[in-house]
Amino acid sequence: DLPTLEKKDRYKVGFAQTESNNPWRIAETKSFKDTAKSCNWDLVYTDAAGSAAKQVSDVDSMIAQGVDVIFLPPREERPLLPAVLRAKAQGVPVFLVDRSVDEKVAKAGRDYVTFLGSNFIEQGQIAAQWLIEKTGGKGLILELEGTTGSSPANDRRKGFDDEVAKHPGMKILASQSGDFARDKGRKVTETLLQTYPNANVIYAHNDEMAIGAIQALEAAGKVPGKDVLIVSVDGTRDALQAIIDGKMGVTVESSPFFGPLACKTMKRYANGEKIEPWVRVKDRVFTIDNAAKYIDDAY
Amino acid sequence: MNTSIFEEQRKVPRTLSARALSQVKNNGALWAFFLLLLINILITPNFLQIQTLYVNLTQVATVAIVAIGMTLVIASGGIDLSVGALMALAGTIAPMIFLSDFAASSPALGLFLAIVVAIAVAGLAGLFNGYLISVYKIQPIIATLILFISGRGIAQVLTNGELQTFDNPSFEFIGTGRIFGVPVQAIIAIVLALSIAWVIKRSIYGRFLLAVGGNEKAAELAGVPAKKIKMITYMVCGLLAGIAGLISTAINSASDANQTGQLMELDAISAAIVGGVLLTGGKAPILGAVLGAAIIQLVGYTLLANGVHDAVAMVAKAVIIIVAVYLQQVKGAK
Amino acid sequence: MNILSMVSNLPGMKRKAHASRQAEGVLIALAVIILFASLRYDAFLSEYNIMTFLAYNSMFILIGLGMCFVIMTGGIDLSVGSVVALSSVVVAKVSEYGIEVALPVGILVGVTTGTINAFVITKLKIVPFIATLAMMLGARGMALVISGNQSVDVSWESNFTQFGLGKMFGFIPWPVVTMLVAFAFCWLLLEKFAFGRHVLAIGGNEEASKLMGLEVNRTLFGVYVLSGALAGLSGVMLASGFGAGQPLEGLGWELSAIAAVVVGGTLLTGGLGSITSTLLGAILLGLIFNILNFENGLGTISFSAYWQSVIRGGFLLVVVVIQAKMMNRKKANS
Amino acid sequence: MTNVDSIDVPNADHKPAQRNEPEVVLSMQGIHKRFAGVPALTNAKLVLKAGEVHAIIGQNGAGKSTLIKVLNGAYKLDEGEIHFMGEAVSYASPHHAQMAGISTIFQEVNLIAYRSVTENICLGHEPKRFGMVDWRRAHAHARETLARFGLELDVGRPLGSFNIAIQQLVAIARAVALDAKVVIMDEPTSSLDEKEKAVLFRVIKELKASGVAILYVSHHLDELFQICDQITVMRDGKTVEQRPIGAMSKLDMVAAMLGKDPEEIAKGGATNFASTGQTSDEVLFSVKNLKGAAGLNDVSFDLYKSEILGLAGLLGAGRSEVARAIFGLDHDLKSGKMTLSGQGVDFNHPSRAIAAGFGFCSEDRKEDGIIPQLSVRENLTLVLLPRIAKYGLIDEEKERQLVDDFIRRLGIKTASMEQPISQLSGGNQQKVLLARWLVTNPNVLILDEPTRGIDVGAKGEIQALIRRLADDGLTVLMISSEFEELVEGADRVIVLQDGHSIQELANEQLTENAIMKAIAQ
């Protein structure tokens, strides 16, 4: 009972971005804008400036404008449900991008077409597994969390912490929010290093905070990569450079380039194909072995 | 005929040191600061290390600098919500200049221009605030809300929201350098605080500022150029925000129009208030603002270092603001 | 006795006329913008757009109404955004008991924070700006603590979400109905009840009101509790209309509310104000977002998020400057 | 002379009931009040009987307003007892006092300018219907109340759109309308002119006849003889004397206020405000056909060097407007010319006027005068600053010296020069503001009601000071609502009416009667 999508040359496509205050989101928006050209879309772009409520209202204004289809990266799992349900009621198919909504209420294939994205929990797990392998299951860890309450922060924490908890040699000394930002990541690291001078691993929920942590380490006279091992998520250009420079150990990719995948999935749907509930994005893992190879494509 | 009353006057401490001493006794904020130090010495690991001092100094410098400007603005009877946005603006403009082709050909001049132009733009933006407030008589909270909303937007438009990363040791010096081991930005903050405090105390500008903040109509009638004073004040606040923006950019070796100075207005206002500024205007405790910034910094450090989570830290900050202001009022009333 | 009855016009004293003049200004601006938008965008006046727009903006209008009362006393309430978040979280936790329970609970949350604000302001004598700034941090912290840093599930089995998502007679969304009722209540309160008169008297001259024997503190209590209650109600709408208690929502809402009140022509210094123009002001400010979304949909120009904030700031600038000019011209004419 | 300690303090038990002795409604005894350790009231006493008008007099800062505020709960008293209608009372706020029947008109007009006359009169006890304000009855009530004062106003208009005299009368009307047993008036006539005073006195007599007790504070000793029955004199926070009015001459009152022997004062003679005739015939400043937006229709006069020129007129005649226009305060001059030493001038900001040697001490000290948070010193030197500064830095040593000097010269009663000005009594604030201008040694000083709210002693001193300065070459334009002051002190007087300068009076022509006549035309 999903709304169907008729086959057309040109579609009016809504993309309701949640915010534009970090490189990742900017890259994602750019990817959709580029795709609009290549895929023959009239893109209706809105920005919710970090407010889930405004994002719902943005989706409403798209519905009012009569878009054919909506790509929605829900700011949070739950508050975006009404938007998804209303779009469905108004006959507009919705594709969720990069984050999903609460499974208990809205289901892929019933209320929305599908979810395109990575698995944040898995990203945390991969980071933890790399770390465990690298250190042999020993380490004193400082964790820099993302914005308090946001789902990537919650999931990347859960994935990592659960994995690490299986190894008694590993201990998370402290876990504090760095708001996904470089400056705050640096400040928090500076403070935590003072209290826990024995820490030898830093796990950051994104690359920006990891770069901040590197700066804090250098300011404290420690050698990042040697005295303290840094593990992170995202795969930005700065992070790949830091890996090449030996300052960072690993960053798990969380690709923002959803545009092409969105175009492809939408075409499949218009063709009447049944879409799987979760179109998974394969996240790569960047280490010293491959960083140099991928740095030119990074954002 | 009032001789007895004139004798009373002698009781007011005349010497500087005596006055300073009585100020310490009556300053709730100072007590709070010492109490915090004591608590930290007792419970926070590795607190008594010089590195701890440096970490705190580097972290407090930008808030302190902005809080000084905020104190001036509040003393004039206003408020400035745009400081964070102006930090972002200045922090964005500087790298645009020293990363330009022109600067590549003459790096020294490029760097100089980068710093001067960036700070000047922030100053101009402050002047714009002051102009709206003094000439159009728009309420400060609304007048500065305009740049609060769009100032950061302009910075983001300039860079298309993208991070500008750089590797420019001479510029980074203002964020990461040390002079005799002391972080440069702390030195900048202290020099600014002392000189502005001195200016407020000794200069006509200072007295006029307090007069305008205390009763603008009366000041105007006494020949005080109130509009000019206000415009200067908002401009100075903008300039200081600009300096803070550069420092923050320099530390991070990157300018981030999205994040630089985020929520700075709240920190600066809180610091100014804890430092004893009156929202009714007419009082400009500059060193108090620095102390206020230090207290808020130390609270944050204490909570962070002892593993208290962000959410709880917010509640703690709220309580501290109320307690600090309340104590000051009680002391002031006696 | 005719000398005594001789009536002299003090320029700038016909403030009441001002307020209504400004309300006219907002109404004209609103009419112009709606006309422009309905001609330019096809679906702008569609039922769907109007109803979803009003339903979403009901939350802002509610806190704007509360803010209007606070500002009329010469105060300010910076805590409303956080209180909305706190209320939404608490309400989400009790949503399984249905809206009959959730609604009073949400209002109660607001009443509680409002009472604390009022206590700090009237009993501890801390100025509203600081008192509510602290509550802004405190309520946000509490919201995060209670929710465990996550948005909180609501029950979809009970009738809870009907309040936010359902429609009266299948036509008008309940949030809009609620907002209209609250609006009527506030209007009556201000225009027809002694309470409203006292609010205006206190804002006009608090000292005088006290000396004239008004129970100033009781009225202030009422005002902050009302502001809190409306924020609490707004929180219920948030939780039930968006299906979650959201500890991070409501950031900067206090500034939107203040802007709405000011754009509606209410003076931040208190003593004057209009409930109707606050409603219009809130709608005017909300329309900007709606129109930007429609403009982006035309495909001719696509504003990035950054340009949007520049435009929003610019719009606010234009509105307040025009208002200031009208005010000054009016002054010159009388 | 009755000593205050021997006043028979009423105590219901052992007070012999005399037949025609009116009942005591209020008594205060052993009242102590300190501000930051400095005593404002020490062992003050007061006895008030039904149907009497009881005056409190005393120098500025003697504690009159404080006594009143302690009584009605605006301040909390430190020590002492207050009995009202035979019961010990202590009010938490003026509201509670008002509810109990003690209603106060405060020294500064304290109403709400933005709100309508009706609201100002009914505030706090609005007539209601179904819980809602019944505006029809409220307006009617307001009109009735004002009718007692012969006022017919559009009661729906904002109070602030009426002049200050009407505002003052509204404040009085409000207090009177409350069915009070005791009405307190703190300098109610300070912004009323003769006609309005007469109205007020009539109302006071009516109140008195209906058994209301009135506590009346004023510096205008002559007034007291018209309406008062009892006088309490305060000095340095103490009530030093209480006597029936008949038992006191004006000289006795002054003597008691100053704490001196009447004979000594009589010998010392009055202060010398009278013209010494030393004016030159050089026109220093002249105003021709000044026309402005509000209240200024056609004003012309010449100001001779070293003279004191008075501006007379009723409230609203436009006297203050002339002063404001000269000083560059309202930028709404429509036409007219001003010349200083033959040169055309038009100041667009007070700072220009100040630079040209003008000074202007305005009538509204709360709004346009004091800067409450700043100290006496900072308030006093505000205008002077640019002149005691080098490179924008203030010469503090010099500043202190000057301030010290002026505090002594004007006898300003303050704990220290660092005390915030807001903590001074009204009259002492006024002195600081005068000093603010005097210290700049101006060529032309415009004084708008310079002695409003100033006690007789200080008034004489200030008048003498003005005269001395004029003799030394200062030119003064003085606005005053007291014709007596003008007649005594001014060399010439210009009478304004309705924004027109209608007559000039000098020499023999200059009498109070002549001014009245000119105005009555």
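So that you can tell them apart, the chains are marked A, B, C and D in the order they are listed, and the count of residues begins at 1 in each.
Throughout what follows, a contact is a pair of C-beta atoms (placed from the backbone, for glycine too) under 8 Å apart; a residue touches a chain by one contact, two chains touch by 3 or more.
Note that the structure is predicted; figures quoted are calculated from it, not measured.
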### Query
When B-C is set beside B-D, which has more C-beta pairs in contact?
B-C
### Summary
For the pair subunit B and subunit C, the C-alpha centroid-to-centroid distance in angstrom is 30
### Task
Indicate the whole-number Å distance between the mean C-alpha point of subunit C and the mean C-alpha point of subunit D.
43
### Message
Need the CA-centroid distance for the pair subunit A / subunit D, whole Å please.
### Response
72
### Message
Which positions in subunit B are in touch with at least two other chains?
### Response
156, 160-161, 280, 310-311
### Task
Mind pulling the residue numbers of subunit C that touch at least two other chains?
144, 149, 304-306, 308-309
### Query
Which pairs of chains touch one another in this structure?
A-B, A-C, B-C, B-D, C-D
### Message
Can you tell me which positions in subunit D touch subunit C when the two form their complex?
### Response
74, 93-95, 97-99, 104, 106, 110-115, 119-120, 123-124, 126, 128, 131-133, 149-154, 157-158, 160-163, 165-166, 169, 174, 195-196, 199, 293-295, 314, 316, 332
### Query
Within the complex, which stretch of subunit D touches subunit B?
36, 38, 258, 327, 329, 349-351, 353-355, 360, 362, 367-374, 378, 382-383, 385-386, 389, 392-394, 396, 408, 411, 413-418, 436
### Summary
Seen from subunit C, its contact residues with subunit A in the complex are 41-44, 46, 48-49, 52-53, 56, 59, 144, 147, 149-154, 156, 164-165, 238, 241-244, 246-249, 251, 289-290, 293-294, 296-297, 299, 302, 304-306, 308-309
## Note on the structure
As the complex stands, subunit C meets subunit D at residues 1, 3-11, 13-16, 188, 192-194, 197-198, 200-201, 204-205, 207-215, 271-272, 332, 334
### Query
In the complex of these two chains, what residues of subunit B are touching subunit A?
44-47, 49, 51-52, 55, 58-59, 156, 160-163, 165, 176, 248, 251-254, 256, 258-260, 262, 301, 304-307, 309-311
